[in-house]
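What follows is a short report on a single structure.
Order of writing sets the chain letters: A, B and C. Residues in each chain are counted from 1.
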Amino acid sequence: MARLSLSALGRRIAPGWRTNDRRSVSSWPGAIVVLMALAVVLASAPAAHAQQTLPDPDQIKSQGMATPGGSVRPPANAVNLPDTSGSSVRRPGETGRPAPAMTVPGNAVGNESVTESLWDRVRHGQRGAVVVPGAEQGVLIQSAGEEWRLIRNDQVVHYGGMLLLAVLTAIVLFYLIRGRIKIEGGRSGLVIPRFTLAQRIAHWFAATLFVLLALSGLIILFGKSVLLPVLGPTGFAVVASASMQGHNLFGPLFLPAVLAILVLFIKGNAPRAVDVSWLFKAGGLFGSHASAGKYNAGQKLWFLMTIILGVAISVSGFVLLFPDFIAERSQAQLANLAHGIAAVIFIAVGIGHAYIGSLGMEGAFEAMSTGTVDTNWAKEHHDIWYAEHKGQAMADTGRAEVEAGAAGDGVMHGVRP
Amino acid sequence: MIQFIEGPLWYLALTVFVVGVAWRIIALVTMKRPADLSEARSGSSGAGGAVKAIIQHSVPHGGNLGRTLYHFVTGYLFHVGLLVLILFAAPHVEFIQERLIGADIGWPKLPRWGFIIAAEAAFAGLILLYVHRLTDPVKKQLSDIDDHLGVWLTFIVMLTGCLALQEAHAGLRAFHLLTVEALMIYFPFSRLIHAFTFLLSRARTGATYGRRGFAP
Amino acid sequence: MTVEPGTIAPDNRPVNVQAAVDKMDALLGGHIASYLDACVHCGQCAQACHFHEATQNPRHTPALKLLPMTRVYRRNKSPFSGLKKALGLAPEITEQELRDWEPLIFDTCTMCARCTVVCPMAIDIASVVAATRQAFVAAGLGPPDLLQAADNARDKGSPLGVTPEVLEDRVEWLADDNEIEIPLDKDKADVLLTVSSIEMMKYPDSVVAMAKLLNTAGVDWTLSSKGYEATNFGVLSGKSDVAKIMVERIAAAAEAVNAKTVVVPECGHAYGVLRWSGANLLGRELPFQVLHITEYLADLKRQGRLKFKPYTEQAVTYHDPCQISRRGGATADARYLLDGFASDFREMTPTGNFNWCCGGGGGVQAMARAADVRHEVFRIKMAQVEATGAPALVSACANCRLTMDESKAALKWDKELISIVEMLADNLDVPAES
């Protein structure tokens, strides 16, 4: 795992990219990309020495595999130098033990000259020995950058875009077919306190940042394919530069926001037996009643997702924001992929969350605005929670809002001296 | 367009700002009330009270820290962050030198990391304060259109400023300047004037009560 | 229809909106304008006001009490008011609005200035409320019983009907009953003592105690039937004419006996008004100094003219009347008196200049319809006292005392309330020969 390399990953998911035929991109399920990239970041990002292992070019050829980076020719002014691979410079103090020799491919023929072969190796990120200490100093060209670029620009953009479009379409369709989910019994006029002021503030603080980051992030990720053709190079440059600055600036605030959500919402979000049946009934979306406590299984998953994706995005974001603190750029490349993939999923589900919390369901938005909910809404969507808290129902909405602010669904203590 | 924003509009905004603020302050200062005829407590004076009040009301006092902690923290994050940005962000220092005071006078510019920290603080503070305004029942009923406009304008100014951070595009810079001009024109007519009146208000309470021996 | 604490039942008194607007316009000077221009609607003042804290009702946010003035300011006075008017941003005040504001201005402000402490702008809402009350009275609004108290003070000499004749009767009775000399209407005296009619009618022991202390210290003092009422319901109710009359009476009495010092009894607002607004109401400097009884007794103690036996009966705590401590600046003197006297003295938290109000200042005590909300407020004081563990609460204001006595009865609270003057008088260390 620790030695899993980006190029290997890239080849496996996109063996056809060298043909420059974007249609022939492998159709591995996007989910695998996501899981792997996430796993990479979460498990090995701190390990920090995922070296580039370069497969032997011959082996590549004999297996009929594409050579990553092979499409790039040596610069026109490349000077032919004799192969110095066996006698590279020694570090001061090193013993005379020779550095591992680069072997000249045995079947080098025609234009596969010695120089070409050197270029090949350099181009493929072969690590040489150099006097300057440092993790990457021996690598002249970090060829994984190209792979990263292609995964990001093709795979992530492609599947991510499809995912987002699919979610949007699903929501529109759902709205057209099912319409706004009404409170069946109508409003009772009685409300129950639900969320504290602290919870609501944390929620809206995170939500504000989410929107700002999602918008700027989507421009960064999809701008080249979507906006560039519309705005033209100059216009897009302005928008992209602005988005990048904004994204970098708001990004660091997201971690504290997610942590605040974790602390303030963790109570009541533990799984319980009733969640299983809720999931089987798809939350009662299609008719049948699904029981739930303070949070239903969908909300619990969203909570979990917020924490896991939020932290993953934040950590990978910090890696990208402060590259000085990582050893090699391959880590930045992995971080970037994980960042983008996690973000696209987060946004996709987030759109669903925002929809159901506002337009999609009558009586849901006020839970997060005034902190109170109508008793009939509670009965229909959180029957178990309702049964526990119906004693707190009141007609004075202003009072309920105050009590919610101080104590959520708990009992407000009286005068504080 | 960019020329208009950087030229005539800037001078218009500057004029409205300076004249408007001056007018309001002068109006307040000249609205006098008759001298206080009561005899001051010995050892206490109005001037001393005014100074004390100005300083004391910068921080929660009288055992009220716990009650006002949220405002204290977010308020300081926002105000200090914003003030640092306005006065020390490198492009601002250059702009001020170029437009207002000349290159001879100058002061240290913020390094990039300093800018980022100040901006993070200002944004976090402003968003947290505004979210509180939208959810806290006390603040909700106090708020009027002026409060919302003021916050939004400030937020947009800060946002456009940060988007232009790279300084690679004249358009972004001009856009930021445009929003700043909008804010400057709005300023004297709005509650944003508290940036100046806080001194007057504190000083007046301090002066009235200082001579009594204690200024609340 | 039940009425929520702090609101009042609808009525059909005629309301003169224009009179209110004119009055506010006239009173709106640089101070109030500065305050109105500085308020940032941060709502922190709510956290300091006992009416908000006790009810947790956002309606009781102090900054809302600036609203009537703000509206007048924006429409008539502020720079750019013409522009705002033209743009429709400064609508006229309506009768309904005045009615809605009335409980905020009267029933739920004790003018305690706690909100000023917390306000980042140091806005003195209490003084704005005092000015606004004048406008409401001009419009024909205001709690009837409070206004009646002011009229009584003007017509009878005291809000509780202590006319000069009643005063004479009661002084005679008190002197006889307690075998003590209480000089009334001496020709000349160094010190003019004033009384609160609350003491005269409800806590006469306190008058006796003051007499005892002043006599023991050998002070040349007197009461005067020309000016004896220390309370000033003119100020509390917003009737500025009555306010002036009350001060004039005391000044005339003091000048008639050539007093160098006027001593205000245990009454918070009486001290605040006479000490800090008296000269301004009269329009001239006062030819005498004004001291609260705690200040004066502290002076006597400092001079060695009064000595006390240590009070060891029980632990006590001290309630600072807002107008004496926070708004009066005489916080230290009560402490000086208790120091070395009460053997187990415990401060509340917060205390001194930052103490919580009893709930009955600013005339709220005199408004029957505010009783419920006052009792709610008193729970804060109860919790504060209980936290000290002291079984008794000492104070230096008869109005606080009455408020607390009523709330104590309503809430069936078991702690003891003590007047500092009575406590001192009961523990005088009198040399054997007298």
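Just so it is clear, contacts are C-beta pairs under 8 Å (C-beta built on N, C-alpha and C of every residue); 3 or more make two chains touch, one makes a residue touch a chain.
As the structure is a computational prediction, the values presented were derived from the model and not from experiment.
> Is the chain-to-chain touch network here best called a line, a ring, a star, complete, or other?
Here the contact pattern is complete, since every chain touches every other one.
> Please tell me whether A-B or B-C has the greater number of C-beta pairs in contact.
Between the chain pairs A-B and B-C, B-C carries more contacts.
> Hey, which chain ends up farthest from chain A, C-alpha centres compared?
So the farthest one, by centre of C-alpha atoms, is C.
> Using the average of all C-alpha atoms in each chain as its centre, how far is it in Å between chain A and chain C?
64
> With chain centres defined as C-alpha means, what is the inter-centre distance between chain B and chain C in Å?
37
> Tell me, which residues of chain C touch at least two other chains?
Residues 58 of chain C each touch two or more of the other chains.
> For chain A, give me the residues that contact two or more of the other chains.
As it turns out, chain A has residues touching two or more other chains at 398, 402.
> Tell me, which residues of chain B touch at least two other chains?
Only 136-137 qualify.
> For the complex, give me every residue of chain C touching chain A.
Within the complex, chain C contacts chain A at residues 53-54, 56-58, 356, 376, 379-381, 383-384, 387.
> For the complex, give me every residue of chain B touching chain A.
Residue list for chain B touching chain A: 116, 119-120, 123-124, 127-128, 131-132, 134-137, 159, 162-166, 168-169, 171-172.
> Would you pull the chain C residues touching chain B in the complex into a rising list?
Residues of chain C touching chain B: 29-31, 33-35, 37-44, 46-48, 52, 58-59, 61, 63-64, 78-80, 83, 113-114, 116-124, 127, 275-280, 282-286, 289, 325-331, 349-350, 353-354.
> What does chain B use to touch chain C in their complex?
Those in contact with chain C are residues 20, 23-24, 27-34, 36-39, 41, 44, 53, 57-58, 60-64, 67-68, 71, 75, 133, 136-144, 147, 188-189, 191, 193-194, 197-198, 200-202, 204-206, 208-209, 212-216.
> In the complex, go through chain A and note every residue touching chain C.
Residues 398-399, 402-403, 406, 412, 414-417.
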